[in-house]
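Okay, so here's the structure we're looking at.
By written order: A, B, C and D. Residues from 1 in each chain.
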């Protein structure tokens, strides 16, 4: 049985990854999950310099999901190079670094610093709804997305994955813009902007007012967008949004994702990635699927 | 204690309504809910002629919600005038008719036929994700929304509510377009486009492939959009999306909704509207709120 | 008809009838005036699953205020229901749907045909048909049930209510094949058919009835959301324009689940 | 430290300690090597509520593999937990956080200050401090607890472990006011403070400790998602750059919940 998949020439032993920002740098979940079994770890977004993030409360639970407004707190790319990448090097797993910035220059600085590092792929976060400057501004207009993708392609040594925002009218248009500008892959979805109000205190539940919705609640939106993107582009897709079980992961793969990432549900079940990996193998056995690549995009018109 | 609210000069005894398409024409739920206690019944979308809707399966459950692709099946406005409006006339409740069409002319025909009917407000559905022609096409581009709103204002005798789609990049822009074109109110959100795949049969769970996501899962997105719309326009807002309890309804009101509608959760609890009405009164008592209008938009910057 | 309501039902008993098939008795005020073929919506307690599950009524005991459901474990909801113990409560919505038109049976030879998990509602029908007063009673009750294999759940109870013929897919009991194979093999005759089961079986029965000029009433299934006729989720295509919808679509939850086979386009 | 894990814990007993305050004993393998002040994440079974609820450990019984939680019913999760009966299982994540630095107590006068639902973790701390071997033991243990009213839950158990002073908001027991009012009224002296309670109380204690040159270790609360340091949801501002985050933010779930009051900007 083959469960390995390839993205932009890099091979991963299986399609199961961890969604950026929900798995730290791997270290935090190493007590629960065997990182050696993961297709890849996608690390928390990292900028050129340390970012403090937003004030608290930063997280709040919602029905079947949660809102977060972390605001991309991160220790900066230098710390990642000194501390986190060497840590991940110990494991037999793919390493994808998620990159954020406030300006195109910020992003370029990060990808250049990572150019000689043991990083398989770069995931460019242009879709975080929780920071005022940059980020989502690049991810909600096709021409802005095209521009930043094109520029990063010039500076990035590793292949780049553009991480798309679901907060758009037409996801296919965004996927096409990324592909046209040279992106090696796309990942989606980032969180959907949401809000919760504390009716007792009559104030916003999050200090940032709005936050990004993730978890099982959003899965149908994510599957739809992955499907629409898969119909629109030829580059590989990493699908995410509410994945809790192998069944969820397989839905994304059938819709057109080459790989998948488990996000918020790590918080509910720190072993979630492990059972997703096992469940995919079981499904393949039951359904007599020899090679997982038969499943990618197998459901379509 | 005053729970009555006003929309475009029409007064409703309380802000609790039923979301279009989830309450039939009221008749179906009259065995459960006392229609006399409702602020208003918003009826299933009606077109100029009968529509057969989409093939089945048309509904599928999702985590904390459901997808529907009914495709606006309806018996046409003549049947509504002969059968459904007289039925609703028996009750002491507001009547809001939801209108759909494939072309601007269709919509105009319906609103003109309704002009001398006992209808308080017209809700114009330009946001149904489940029909190929018309509908959502008018609701995803600000200029298209502006045009149809402007034209309908010329022909509608009753005030019009433009029902907005959440499947847009910028809800504030859409709200502003509706207001600028003369809409008397807006309602939001309609369903978010989603998809479910049956992994055993390896096919789409809905015959229409995609459907509209509703239910508690989408509430944080709906509250956010109501808030953003309320910041952008002065016309009243009817808020909906996942309301199950009085607490949910109050969240929408605090975010800026003048009225609210219970949708999918009628299916879970056919008495939901009644307990929302009671719960709002209880909250007002506990929080010493004399007039519900104090709560509208009370949470903001 | 009694008013529909959502209410709590107390589990009286639950046991396994066959692999993955559960037999559940509920105590509920809904157990009044039930027509065979009607169903209820059963709500999972799991907060992620908000829609009621349509389950047919397999038996009614009005005196005890009790309803019996026989259901197959297929997903989240039914897997949860299978865990309920006597004394626990389930939320139910009902009574839903129309039921089988028993008045068509008067003085005629009727045949009840069930397949798979479509078998249960026919048990109450058989029981009520048998109890009908002289003049309304059928002249003959034949029961033809199709199962996968030797796990012929409810067999003994059907035998008490009429002549039972069984078909099994693997041939382990009765005729090998489907219910129509059993009908042919046993030369079962009928003026009226009441049927419930998977769509291919119902299609075959519709054709068989047409070819043999038999009236057939068939119980249909479709995905439902509201169960009460409001959402238009559960429609079936009709041959003629439907009186309520004004298109060729009828609501299975309220205008069905039982239809005259001639009226529906399946 | 033991490896963190998510596991099933068996309810041994549950009772109400005061209005809306529950006292729950769980049997779980997590009950090894617990530092007072550490906490666990308790998962609601309700599928709409997916995040673990952080609850401090109130007592440990290593021999019986048992943990005690004392919690207030405030929302969906705690309301559900309150329904669990002996023999039922809850999912828990732990052991989480650092706990109070007991080594600071050696030979010194310590004061334990708790307010409201911040009271419970100090009970295990009091018990462990009292049991410390000669040389590591504090020279004196004073316990100052603040309650709303006469429902002074855990009072008797605190009395077994040190000199107890009580403050109540309504003045019904002990000093009227907050814990600092009780400290002043009773002239309680200390070299080291261990505190847990609402933020305004902790702020006041921080100031009191600074003014009186006392070392204060305070246990903080914040909304959490992961509980294990991955999501960066639960941060608190720090006075100096944090070694892990490289900004002035520290994670309460892993680097806390107990901090030296001087290090955090509250």
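Methods note: a contact is a pair of C-beta atoms (placed from the backbone, for glycine too) under 8 Å apart; a residue touches a chain by one contact, two chains touch by 3 or more.
Note that the structure is predicted; figures quoted are calculated from it, not measured.
K.L.:
Compared with chain B, which chain's mean CA position is the farthest off?
P.N.:
Max centre-to-centre separation from chain B belongs to D.
K.L.:
Quick check: more C-beta contact pairs in B-C or C-D?
P.N.:
B-C
K.L.:
Using the average of all C-alpha atoms in each chain as its centre, how far is it in Å between chain A and chain C?
P.N.:
47
K.L.:
I'd like to verify one number: the distance from the centre of chain A to the centre of chain B, where each centre is the average of its C-alpha atoms, in whole angstrom.
P.N.:
33
K.L.:
Suppose each chain is reduced to the average of its Cα coordinates; what separation in Å results between chain B and chain C?
P.N.:
Comparing mean C-alpha positions, chain C is 36 Å from chain B.
K.L.:
Using mean CA coordinates as chain centres, what's the gap between chain C and chain D in Å?
P.N.:
57
K.L.:
Find every residue in chain B that makes contact with two or more other chains and list them.
P.N.:
If we look for residues of chain B contacting two or more partner chains, we find 63-65, 216.
K.L.:
Going by the contact rule already set, what residues in chain C reach two or more other chains?
P.N.:
Within chain C, residues 47-49 contact more than one other chain.
K.L.:
In the complex formed with chain D, which residues of chain A make contact?
P.N.:
21-24, 28-29, 31-32, 44, 50-53, 56-61, 63-66, 68, 70, 73, 75-76, 79, 215-216, 264-271
K.L.:
Okay, in this complex, where on chain D does chain A touch?
P.N.:
3-6, 43, 47-52, 93, 222-236, 244-249, 254
K.L.:
Would you mind writing out the residues of chain B in touch with chain A in their complex?
P.N.:
Touching chain A: residues 62-65, 67, 140, 167-170, 192-197, 199, 202-204, 209-211, 213, 216-221, 223-224, 227, 242, 247, 250-251, 254-255, 283, 298-299, 301 of chain B.
K.L.:
Within their complex, state which residues of chain C touch chain D.
P.N.:
Residue positions touching the partner: 46-49.
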